[in-house]
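You will see subunit A twice below: alongside subunit B first, and alongside subunit C after that.
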Partner chain A sequence: MSPLLEIKDLSIDLYADSEKFNVINNINLTIEKKQKYGIVGESGSGKSLTSLSIMNLLPDALAISGGEILFNGDTDLTNLSKKEFLKIRGNEISMIFQEPMTALDPLYPIEHQIMEVLKFHGSYSKKQMRQLAVEMLEKVGIPRPQQLIKEYPHQLSGGMRQRIMIAIALICNPRLLIADEPTTALDVTIQAQILDLMNELTDNYDTSILMITHDLGVIAETCERVAVMYSGEVVEEAAVTTLFKNPTHPYTVGLLESVKSLGDKSNKLYSIPGNVPTPKQLTGGCRFASRCPHAMEICRSQAPPLFSIDADHKSKCWLYGEEEVVNG
Partner chain B sequence: MADQQAVLEVKNLKKYFPVKEGILKRTKNHVKAVNDISFEVQEQETFALVGESGCGKSTTGRSILRIIEPSEGEVFFKGVNLLDYSKREFRKMRKDLQLIFQDPYSSLNPRMTVKKLLLEPLLTHGTTNKKEAEQKVVEIAERVGLSKEQINRHPHEFSGGQRQRISIARALILNPQLVILDEAVSALDVSIQAQILNLLIELQKDLKLTYIFISHDLNVVKHISDRVGVMYLGQMMELSNTEDLYSNPLHPYTQSLLSAIPSHDPSVKKERIILKGDVPDPANPPSGCPFHLRCPKAYEKCAMEKPAFIEKEQNHWVACHLYE
Partner chain C sequence: MYAYIVRRLLMLVPVLFGVSIFIFVIMRIVPGDVAMTILGTDATPESLKQLREDFGLNLPIYQQYFEWMAGVLTGDFGESMRTGKEVLPDILTRFKLTFELTLISAVLSWIIAIPLGIIAAIKRNTKTDFGVRLISLLGVSVPNFALATVLILILALFFSYSPPVGYVGFFEDPATNLQIMILPSIVLGTAMAGAVMRMTRSSILEILRQDFIRTIRAKGARERVVIFQHALRNAMIPILTIIGMQIGTLLGGTVIIEQIFSLPGLGQLVLTAITQRDFTVVQGAVLFIAFVFVLINLLVDLLYSYLDPRITYK
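And now, the complex of A and B:
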């Protein structure tokens, strides 16, 4: 059985000031059917760009310079025409964004925005569409959906709006739901509600989730597998339980350490020194070398490949140089 | 509450924003953003205010500094009521009371160099010796981890973490006694957040600062604060020292807030209290206890009567009918 989504050697370049900068470098990800997959990284790590490239929504200044994105085993999403993509986007792959206020159109009632998806991807009567929309709103936990469907986005709270976004994303029963920081703009108690809802819905719907977040806690709560991104590269990839128990890449170790030492007042908070390098500052070596406590001679001159720690645990670090190379 | 060395004493602070309607802009209603809040901040401690968006924690911080004029109440800073001063007189006091904002991208003037940004507060507060002022700028910049060369650059040349360092330097250059940090690390990435938190803790020790730390991030608050006040819909629900609050939360709201934090260990599945619904509209708050509509333990009395803020255990205050 082929996986649902396979990203192979994907690279993305940024064109600015008539120069070319690499922002995504050779990443490989495999998402199985019904899997909850997480990408975690800090701002500028390329996690959002990866998701936008799957949806064919990259901004003009950016372009895929290599690799392929296989959907359902055979369709290469990078090769589809704009017209062909319209059939997939919102139907087979849909996406929810961080800011539910800007993602909804303030001029139209909720009803219009949910039914728009059905109108585009299906052939229903108006009555059927309204029926389906109300049912979907009920499933995402909206109270009084019959009345609420007539309201406008500004009349709803942030948590409600995010529920509407989820309803719009799931109404065509997509194979893959990409959630880009879906709870970052929400309060903790509302975040707990939304994460709960997403877990519940995907269990009932046969949908795979690609969860993009900066919050390791969200990953721990929702995902099965996780890829850690740093400066446009996947630096570690493993099952969630493995990653949290046995992190191998110094960046992952540092991230987890700085989160875990929070609350322990007796010690100084662990912090990774320095800042994420900008695309202009990149040299030939490992992109984390300038901040890494274990950096060696080879790290500064030569970028490490992705080494296999064990069957399904990979790490892009020379410390594991004895292990077998997974891919270049 | 004991009053041995309270630097700041907030008594019955209220801030009501009028809601105006109609052509005549008559005041129809009030949003009670801060509704009768009292607390004390001791010398050199970190007092945290936590709560969800709209609970009034930022309005409280700003009312103390009179950036927003409070409607009622008293704010004693070292024994004098700040609200008794005229605006002009109060400006002189602002030297001792500083505020650091969340977003280091919008709180620094993009047209000024770091040096100018840091000189500005000194000049505003009457420093005339330029050489001395410049010396001070270099000192404070180095203190927060910026090099001498960097102070001639503009804010856009810095990353978010470094910009927050500039904001901190700008707040500290006048040797304040009380610093209010309004979500000061919330916009930063985890690894950078840790650097800034360490810097803040270090500076507090060295410069003998008192912090009011306003945040929605309960993990960060646990790390940095000595005492915590939990706010909901403009009211204080629970107030205690940090250790007690996290190990023994009394108020059902605090309990659910703490249980909602995602755990960082996927093998431990936490028992979650998932709250129903959203925070009610502050212009139209529920009767009785503000939390009763979402509270899993609410009973009839909660809808009728507002619970008093009582000292349930030593130095552990709570406003809930369950403990009366």
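And now, the complex of A and C:
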């Protein structure tokens, strides 16, 4: 059985001031059917760009410069025409975004914004569409859906709007749901509810999730596998339990350390020194070298490949150089 | 909503009251008066005095004002000091022309400006965009009278065409009427289109950067739906503001264009009345123009709330 989504050697370049900068460098990801996959990384690591490139919604200044994104085994999403993509977006792959407050069109009632997706991807009567929309709102836990459907986004809270975004994303029963920081802008009390809702619904619909987040807690709560991204590269990839138990890449270790120190009141908060390098600052070596406590001579001159720690665990770090090389 | 409309209409009272005092006083401060313009420079002081008394101009200014206001409040704007014609019917007749001119110019400008503005926004920083921006810059910066003169000249010289002389109302003879109105409308419409085009372009660009546009694309919407159903509607509010101001201004009469195309509109009426110091006509016309302007503003505000559910009036 072929995987649902396979990102192969994907690179994305940024075009600015008539110069070209690499922002995503040769990443590989595989999401199986019904799998919950997470990408974690700090701001600027390229996790959102990766998700937007799957949807072909990259901003104008960015373009895919290499690699392919295979959907359902045979459809290369980087090669689809605009028209073919319309059938995929919102239908086969759908997406929810970070900011529920601004993600809905302020001028249309909720009803219109949900029914719109059905109109794009099917032929229903108005009555059927309204019926389906109300049912979907019930499923995402909206009280009084009959009345609420007539309201406008500004009349609803952030949590409600995110539920509506989920309803819009799932109403066409997509194969893949991309969730780009879906809980970051929400109250802590609402966050868990939204994650539970997404977990439950995607289980019912057999939908895979690609969860993009900077929050390892969200990964722990929802995902089965996880890729850690740093400066446009996947630096470690493993099952979630493995990653938490046995992190290998110094960046992952640092990330986990900074979360762990939150619970420990005696110590100062741990943070990884320095910042993510900008595309202009990149040298030939490992992109994490300037912040890495274990940096060696080779790290500064030569970028490490993804080494296999074991069959299911890969790490992009020279510390594991003796192991078998995965990607030449 | 109705309470709001009523309140806004009530607010007309102080506005118009202020305007009426302002114009009344201004007309009397300006040197020269209607008696001098009627009798000419050779008039004897006695005849001037006599005429002023006939018009009641010898009375104290507040008394003049109250007499005029008493008439206005009962719908009697008085008679022209020069022609003896009733002021209000004269204003209304001329307003019909001005209204038609405004309407045609405005529609013409929208037909050109809104689509071009949208195209420029979609094709930002391409040759098309620069072309549209150049056109809109020309539209805004070329003076009306220059464009009008050039247009008349070109038509006369190269096509031996000149528009019919003498104004005919639309309902008397639509074909002739439109022939008379189309040239001035094109001239006025060009200037309006320039501003509307720029506003459409920048407003659409602004909206296209918003998060919800990305959501709509992520739903699988065609670009047509993205632009027309979502971007344009959201961009309409600032465009509407500009359009409202343009229409309000045009409805007050366009002195220069009416002069060039010899159209007996509101602008011409006011201009003639001012040069002749025809106090009653100037006062009546200014009051009427202010009234129309405020009304247009109210209409625009109501349209806002129709377009945007977040804007409600209580």
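Everything below uses one rule, namely that the second predicted complex is superposed on the first by the 327 of 328 C-alpha atoms of A that agree within 3 Å, B and C clash if a C-alpha of one lies under 4 Å from a C-alpha of the other, contacts with A are read in each partner's own complex, and residues count from 1 in each chain.
Methods note: a contact is a pair of C-beta atoms (placed from the backbone, for glycine too) under 8 Å apart; a residue touches a chain by one contact, two chains touch by 3 or more.
It should be emphasised that the depicted structure is a prediction, and the values quoted were computed from it without experimental measurement.
Subunit B and subunit C, once both complexes are superposed via subunit A, fit side by side.
Of the two partner chains placed by the overlay, only subunit B lies in contact with A:D196; subunit C stays clear of it.
Touch criterion met: A:A220 reaches subunit B, while subunit C stays clear of it.
With both structures placed on the common chain, the touch criterion links A:M95 to subunit C but leaves subunit B unconnected. Across the overlaid pair of complexes, the angle with its corner at the CA centre of subunit A and arms to subunit B and subunit C is 70°, in steps of 10. When the two complexes are overlaid on their common chain A, residue A:M55 makes contact with subunit C while staying clear of subunit B. Set side by side, subunit B and subunit C differ in how many residues of subunit A they touch, and the one touching more is B. Touch criterion met: A:Y270 reaches subunit B, while subunit C stays clear of it. Of the two partner chains, subunit B is the only one that A:L255 touches; subunit C does not reach it. Smallest inter-chain Cα distance, subunit B versus subunit C, after superposition on the shared chain: 5 Å.
In the superposition on chain A, the residues of subunit A contacted by subunit B and by subunit C do not overlap at all.
Residue ranges of subunit A in contact with subunit C, taken from their complex: 55, 57, 82, 86-91, 94-95, 97, 99, 102-109, 116-117, 120-121, 152, 154, 165, 168. Residues 42-43, 143, 157-160, 187-193, 195-196, 214-218, 220-221, 240-241, 244-245, 254-256, 258-265, 268-273, 275-276 of subunit A are the ones that touch subunit B when the two sit in their complex. Looking at the complex, you find that subunit B touches subunit A at residues 52-53, 159-162, 189-195, 197-198, 201, 216, 218-220, 222-223, 246, 256-257, 259-267, 272, 274-275, 277-279.
Residue ranges on subunit C touching subunit A, taken from their complex, read 210-212, 214-223, 225, 230, 233-234, 307-310.
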